[in-house]
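All chains are identified by letter, namely A, B and C, in their written order; residue positions are counted from 1 within each chain.
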Amino acid sequence: MKRTVPMIIAATTGFVLIMSHFIPLSEEWGSKAMQWFNVLAAIAFVLGGSNLMRMNLQKISDRRPGWGYAAVTLIAFLVTLSVGLLKVGVQPTSSFPTNAWAAPYNQEGSSLWWLYEYLYKPLASTMFALLAFFIASAAFRAFRAKNPEAIALLSTAFIVLMGRTYVGGLMRDILPRGMEWLSFDSMTNYIMGVFNLAGMRAITIGIALGVASTSLKVLLGVDRSYLGSGDD
Amino acid sequence: MEREKLFWTALMLLGGLFLAGRAAMVGNGRVYVQAETIAETDAGPVVHHRGVPPSQRSEANVSLSWPRTIGLWVAAFCTLGIMSFVLGDNPFYKLMESIFVGVSAAYLMVAGFWDELVQNLFKSIVPGLMRNSFLPGLEEGLQPDLTYLAPLLMSIMMLWRLAPKGAWIARWPLAFFIGATAGFRLVSYLESDFVQQINNTILPLIVYTADESFDVWGSLRNSLVVVGVLLGLVYFFFSVPHRGVVGGLARGGVWLLMITFGASFGYTVMGRIALLADRLQFLFDDWLWLIDPTMQRMGM
Amino acid sequence: MYQFLKTLDRRWIFLLILLAVAIPIYWGWQFPERPSPMVRSVFEAIENLPDGSHVWMAYDYDPGAQGELHPMAFAFTRQCALKHHKMYFMTLWPQGPPMIQENIDLLKREFPDLTYGEDYVNLGYRPGYEGPIKLAVTDLRSTIAADVDGTSLDDMPMTADVKNIQEMDLIINTSAGYPGTKEWVLYASTPYNIPTVAGCTGVQSPYLYPYVPRQLNGLLGAIKGAAEYEFLLLEAYPELRENPNAREALRRMGPQLLAHLVIIALIIVGNIVYFVGRSRGDM
């Protein structure tokens, strides 16, 4: 019951979706399965949020180190959730001027929009921008031309870095006619369209085979890792 | 250590003084909005406020928005807070990180609720109720689609994971999710990333141009692509020991992959720099008004 | 010098990269571009469509990637508007709707003659990763029944007769990761032969080259691709030259140049330190 039923559910769903690809009559079933899938994907957000709340509550109640930050996370979570679900500050739209509930939850000027625009947006974008500093530090400390392969990697990186700037194309004007392919931008285009393409294609084909075999193992019940190891 | 502390304190003090002076003299970091009546109702007009460039501040219905101005300053401090991580882990960064985690998790929940649960799940199960509340645009007389009771039930089972007992119940919807993912990926990956990729690699090794002359570059390009893909595949084929001819070919595959990773590194650097430039542009332009590349404050 | 570089505090490197990005932004450095064949193919895929074609604008990114993708998304939107294509905006990222909204605001501001619901529509976000693609390619209404304002698709002229994405003349995807370009190729472009072009982040670009040109008509790689694309757009549509917003990516190429040179210098200096250290027996 605890392990067999889920295996049957996974296999049935998977084979229905495979069938729907080949047999037009079963297309409707595949479509239905995808609609249910989308609902579960949305529920996964609810589950994730609830889990975050539970973990942080536990951290606060246990007074574990850093519980103050857990409290901040919890407050930010609850405030965002409340203003988003209650559509605080949302104005009706011209389509339904008497019903504010019909308006988008992230409408410009609403409280959720404010939180997104002035908290989430700067925090998320700066978080990723931060990597520019660390990639520069890694360039200085870690990229060593220790062997021929590393030299190949570094040389390619050098050409691509030059080729993806204004300087990369400048060489074109200096080089003699017929030798323009030696300019950094031409070499970059060639590297990307030939060597990178070939390497990535080999990786893509390998991944495709990996995905197909893993999927088959799941559907045939060979891979049951998603069921966990315990009884409960 | 004490000297370092003193340095940073002095730097922050100077920065604060600069900000205060600039805000007092230039009035930077202000946000203006324009009121726009979009409909008239019995309860009065429905007014929307949309942000406008500061250069339009003297136009009709334009006023300073305090919530948005405060927001902009908060955004600037959030940016600086995250950036402070380059100096090492610190309470300011940790505070920002905590806010980020809380806001983003809740935002996902809100988006999932309104965009899928209301728009598709509840709309299908109780269309009448949704029409009278959140979705007035729904057509009248829409019949309930009871097949949606299945994902509703699975949703409840999935949330059971949070209960102290019976977490195994959540395995059923999880199995559905995993099975569906395996089902649609199996076919699509084979079609697009296996068969089609092989198809894309079947290229003429001798290429002629439109005027039937021999195309050296085209031929070289195609030959390198075909050989390159084969070398890469040999490297990933671990069922045969990489010795002798196979070893030589696999070594060629390694070289090809090194070039590929070098290119990836170059592109990654390009991406990260672009993100940093975006943040600095926000600080210089929107917040400090040091630059005005989009002429938002022309004539001010 | 060797000792100084060997024990260099990484905060000096951080300061160097900060200055390399900040100085060109402050001084507003800009350079002309030489569009690559790949960027030209993207431009032509949109340009060669007959005016008023139906284009699916799948903008799958969030603020984490806006620095790279906003400029190209805006450029895509401008070109489609100039060609009077019908634009159907949608995102598979929960944080994506405000990104789309900025494109809608652009259309309202720069192309006031275009009408919402007739020339462009905002279909918002749908959860389910690649799930909504799989549904929308066969039956749009099974996943999206209304726009973000709740107006039914049947009540808008440009959506009333659209059954699915197969009816689109082109898919334009701007992607920051999963779900994104790869998923559009896997579930829409490849099985249904829908012409598709994409613009993506630097991290993703190399991975998407194997799909060009048979599964993807063209690809804009990060900010450089966007700058070249903007350059082509400004060449083809001189009326845009007066619009400073249409040069967003071109402006970013200043910091890009100096920062790339700094990174190259750092790699070279780092290696010199390494080899000197090795010859001295330090490493």
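As a convention for this text, a residue touches a chain if its C-beta (ideal position, glycine included) is under 8 Å from a C-beta of that chain, and two chains touch if they have at least 3 such contacts.
As the structure is a prediction and not an experimental result, all values here were calculated from the model.
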*asked:* Let me spell it out: compute each chain's centre from its C-alpha atoms, then which one is farthest from subunit A's centre?
replied: C
*B-C against A-B, pair bridged by the larger set of C-beta contacts*: A-B
*asked:* Distance between subunit A and subunit C based on Cα centroids, please, to the nearest Å.
replied: 15
*Between subunit B and subunit C, what is the separation of their C-alpha centroids in Å?*
11
_Centroid spacing, where centroids are CA-atom means, of subunit A and subunit B in whole angstrom_ = 8
*Among the residues of subunit C, which ones contact at least 2 other chains?*
14, 17-18, 21, 64-67, 94-95, 97, 124, 126-128, 134, 143, 149-151, 205-206, 210, 221-222, 224, 256, 259-260, 263
*Indicate the residues of subunit A shared as contacts by at least two other chains.*
34-35, 37-38, 41-42, 45, 93, 95-96, 102, 108, 116-117, 120-122, 124-125, 127-129, 132-133, 135, 139, 154, 157, 161, 164, 192-193, 196-197, 200-201, 203-204
*asked:* Multi-chain contacts only, two chains or more: what residues does subunit B have there?
replied: 50, 86, 104, 107-108, 111-112, 115-116, 120, 134-137, 184, 189, 192-193, 197, 200, 260, 263-264, 267-270, 272-273, 275-276, 278-279
_Quick check: in the complex, which residue numbers of subunit B touch subunit C?_
50, 86-87, 104, 107-108, 111-112, 115-116, 119-120, 123, 134-139, 184, 188-189, 191-193, 196-197, 199-200, 260, 263-264, 267-281, 284, 290-291, 293-295
*Please give the residue numbers of subunit C that touch subunit B in the complex, ascending.*
11, 14, 17-18, 21-22, 25-26, 28, 64-68, 70, 94-95, 97, 105, 124-128, 130, 134, 143, 145-146, 149-152, 154-155, 185-187, 190-191, 201-203, 205-206, 210-211, 214-215, 221-224, 244-245, 247, 251-252, 255-256, 259-260, 263
*Spell out the residues on subunit A that touch subunit C in their complex, using ranges where they run on.*
27, 31, 34-35, 37-38, 41-42, 45, 93, 95-96, 102-104, 106, 108, 113, 116-117, 120-122, 124-125, 127-129, 132-133, 135-137, 139-145, 154, 157-158, 161-162, 164-167, 169, 172, 185, 189, 192-193, 196-197, 200-201, 203-204
*asked:* Under the stated contact criterion, what part of subunit C meets subunit A in this complex?
replied: 8, 10, 13-14, 16-18, 21, 31-34, 36-38, 62-67, 94-95, 97-98, 101, 124, 126-129, 131-132, 134-135, 138-139, 142-143, 148-151, 205-207, 209-210, 212, 221-222, 224, 253, 256-257, 259-264, 266-267, 269-271, 274
